[in-house]
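Labels A, B, C and D are assigned to the chains in the order they are written; within every chain, residues are numbered from 1.
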Amino acid sequence: MGSDLVEVLINSVKLVLIFLLMVQLVPILVWVERRGSAFIQNRYGPNRVGPFGLMQLLADAVKFVFKEEFVPGKGHKLIFYAAPVVALIPGALAFAAIPLANTFHLEPFMFLGESWGPYDINFQGYNVGIGIVFILGVSSLGAYALLLAGWGSANKYSLYGALRAVAQMISYELALGLSIVGAILVYNTFDFHSIIAQQAGALSFTISGRELGIPFLPNWGIFYQPLGAFLFLVAAFAETNRLPFDLPEAESELIAGFHTEYGGMKMLMFYLGEYGHMLVASALLVTFYFGGYQLPFVSHVMIEDMLKSFGLGINMANVLTAFLFFTVFMIKCLIFLWIYVWVRWTLPRFRYDQLMDLGWKTMLPWALANTIVTAVVVFLARI
Amino acid sequence: MQVNDMLAVGLNHYLFLSAIIFSIGILTVLLRKNLIVILMGIELMLNAVNLSFIAFSHFSNNANGPVIVFFVMTLAAAEAGVGLALMVTIFKRFKVVDISIFEKLKN
Amino acid sequence: MITGYLFYMLAFLLILFSLGVLMHSSPLFSSLNLVGSMIVLSAMYYLLQVPFIAAVQLIVYAGAVMVLFVMVMMMFDLKHEIKIFSGGFISNAIKCGLAGFFAFTIGATAFMSTEMISGSAKVKTEVLSVKSMAQLLFKDYLIEFEVLGVILLLVAVGAVALSRIKGGTHAS
Amino acid sequence: MEELVPIIALGVFVALFGTAIVVVTSLIGPKPKQNDVKDEAYECGIPGQFSGHSKVPVKYYLTAILFILFDIEIIFMYPWAVTFGDSITEGYGLQFLAAMGVFIFIFIFGLFWEVKSKALEWE
């Protein structure tokens, strides 16, 4: 975690900040979802409380806190209470493994009368080295929250909703896992930092020893793996149980799915988990296919040098650059989160058999074909 | 000094742990009545063996251990899949998942 | 140093969860305990510097096999068992004694041979790279790898065939 | 492995955070009297017909088993995908391609068989 006090402090604050980042994104996204759906459907949406209805969320939060405490009579108390807590963990653990900005260097500085440093700081909770595999592993634990919630409620609609959700999640996990294999074949690594570094500069690739380049496009993964990126996006929609794949919550059949019996803050924690998953999926999409935290054509060294030429200190310039890249990353993520909202109010819901057919009989074969074609092309290009 | 000796974790620490977990797995298989719990005991035993594989490979700097563990995990998952399919079939037939069903097989 | 603390913490949790599997009267809680022990084992693999195997443990065991176990538990709706152990007191005592003897034998063997193993002093310091593992997997263990693919296919066929047997859990 | 510490720390922190929210809101929130009707499972106001833990179709568990098997096959592709580029430059790329080609052929055969046997049909 660090060799001295300041480093341990920085790392701990980083962890808490990343988690809070995920938590505070939920009210923003709920606001975007309400206003966005209103915008798409040509109505106003919440606009009474505060400017643009922003304070509505605060009112909601207060309402959530003062909700009545309720456990169904036949439900299992421990499992009923544990489920929302479990729902939070996978999203948070996965999101903390994704780099949010470039690694920046801090020269030795004075603090509390002592000299500290130098440090190299990642804007990332922890660097596990196997990046994507770790995230797949952690987010596969998300199924337990649903199962526990469904079983603990002792309600057959909850149980059916949970089983449907789990069956759907695991079916699309296959397509999700397989669609990334093509990208790994291109990058030859699991590590996010290395993946992002390979997407710097303008689009260029080598075919049998000859350099080819398209100078006006960035060197992003989407141009190498368009089908993989599309499959990943669709599978991520299904993984997070969002429309058009929100069968577990189909009101006409299952009331509200696995969280039928939940209310107040406990319900909100399921939302936290769901939006956390959406955030992780968007961040992965950005990292794998859209250059991660990088601005196209601009490296962090260039910005640091530019800031230094304005007369800023080295540490200050490095920190500011990292924050700029962090902003870029978040903007890219928010674009994909907006796509989630957009799709939700555009596409109708699938039927359950159509959903399963899409996962097993369409997306899995296409992901497989993507893998095979990528492997053959990589082989032919490099031989 | 003694605390430091305790904290220097070596191969035999992992082997002890593996032995304990394996024994708990054996006890689960031998003692429990529920067939699915027995299956879980088998999983526990397999995992104890995996742990010792990884520990050996770590302390002798050998990459074969993880590969074998990879294979064992695969086979364990396959075994659990078939085992649970059998359990569901047994449950359909006898309405219990208990080792008492084997007494019914006598006649 | 910190590895030592982590090891003892994880070992304690692992033994606790394993005992939970053995002792809990509800099969559902047994399976949840097993999920816990799988996650702890994954952390332990990470501690032993094979992060890839740790992630595979999470994906395969915690994320797939145990989901299946928990799902089946919930489908069967098994109640708390009044009598969780089979057999009588004497036979159970003998079984416990045998398991204890077994653990003791392994432990003693490990303790006796510890100098033989630690004498080689080849403890790995760097993380095992996935690449060196893949070299072994796809070159030295190539046949095993392909046979494994066939076995998985056979298991899929077997599972589908078993599920075809008439009846259904909702028929009761 | 030092990175295990922040992972465990974050996991524990999130768990404590969640537990704190659940405990605090359960203390703050109003606690009206419970009654038997309220304790029943929510079924749109109609009296419940069956017990909460009803039996479910076997289809779900079959999907889970097939998922496990395919998931493992996909996981075997990860180390292969990472090493494939290096294997080409080191001159045994064709061998790697053939090894995975056979494996993927078995995979496709399995998938084809499952579709053919209608194991993946949902009514």
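Simple rule for what comes next: a residue touches a chain if its C-beta (ideal position, glycine included) is under 8 Å from a C-beta of that chain, and two chains touch if they have at least 3 such contacts.
Bear in mind that the values here come from a model prediction, so they are computed numbers and not experimental data.
J.: So using the touch definition from the top, which pair is joined by more C-beta contacts, A-D or C-D?
T.: By number of C-beta pairs in contact, A-D is the larger.
J.: Using the average of all C-alpha atoms in each chain as its centre, how far is it in Å between chain C and chain D?
T.: 18
J.: Can you give the whole-Å distance between the Cα centres of chain B and chain D?
T.: 21
J.: Distance-wise, how many Å sit between the C-alpha centres of chain A and chain C, to the nearest whole number?
T.: 30
J.: Indicate the residues of chain D shared as contacts by at least two other chains.
T.: 2-3, 5, 7, 53-54, 56, 58, 60-62, 64-65, 67-69, 71-72, 75-76, 78, 82, 86, 100, 107, 114
J.: Hunt down the residues of chain A that sit against at least two other chains at once, touch-wise.
T.: 128-129, 133, 151, 159, 163, 166, 170, 173, 190
J.: Which chain C residues touch at least two other chains?
T.: 3, 49, 51-52, 56-57, 59-60, 63-65, 67-68, 71-72, 74-75, 127, 130, 133, 137, 148, 152, 155, 159, 163, 168-169, 172
J.: All pairs of touching chains, please: list them by chain label.
T.: Chain-chain contacts present: A-C, A-D, B-C, B-D, C-D.
J.: Which of the residues in chain C come into contact with chain B in the complex?
T.: On the chain C side, the touching residues are 1, 3-5, 7, 11, 14-15, 18-19, 21-22, 27, 30-31, 34, 37-38, 41, 44-45, 48-50, 52-53, 56-57, 60-61, 64-65, 68-69, 72-73, 75-76, 78, 81, 83-87, 92, 95-96, 99-100, 102-103, 106-107, 110-111, 114, 117-118, 120, 122-124, 128, 132-133, 136-137, 141, 144, 148, 151-152, 155, 158-159, 162-163, 165, 167-169, 171-172.
J.: Which positions of chain B touch chain D when the two form their complex?
T.: Residues 73-74, 77-78, 80-81, 84-85, 88.
J.: Could you pull out which chain A residues touch chain D in their complex?
T.: Chain A reaches chain D through residues 1, 11-12, 15-16, 19, 64-70, 72-75, 81, 84-85, 88-89, 92-93, 96, 125-129, 133, 151, 153-160, 163, 166-167, 170-171, 173-174, 177-178, 181, 184-185, 188-190, 255, 260-261, 264-266, 269, 352-353, 356-357, 360-361, 364-365, 368, 371-372, 375-376, 378-379, 382-383.
J.: If you look only at chain B, which of its residues touch chain C in the complex?
T.: It is residues 6-28, 30-34, 36-37, 39-41, 43-44, 47, 50-51, 54-55, 57-61, 63-64, 66-67, 69-71, 73-78, 80-82, 84-89, 91-93, 95, 97, 99 of chain B that touch chain C.
J.: Once bound in the complex, which stretches of chain C touch chain D?
T.: So the residues of chain C touching chain D come out as 2-3, 6, 43, 46-47, 49, 51-52, 56, 59-60, 63-65, 67-68, 71-72, 74-75, 77, 127, 130-131, 133-135, 137-139, 142, 145-146, 148-150, 152-153, 155-157, 159-160, 163, 168-170, 172.
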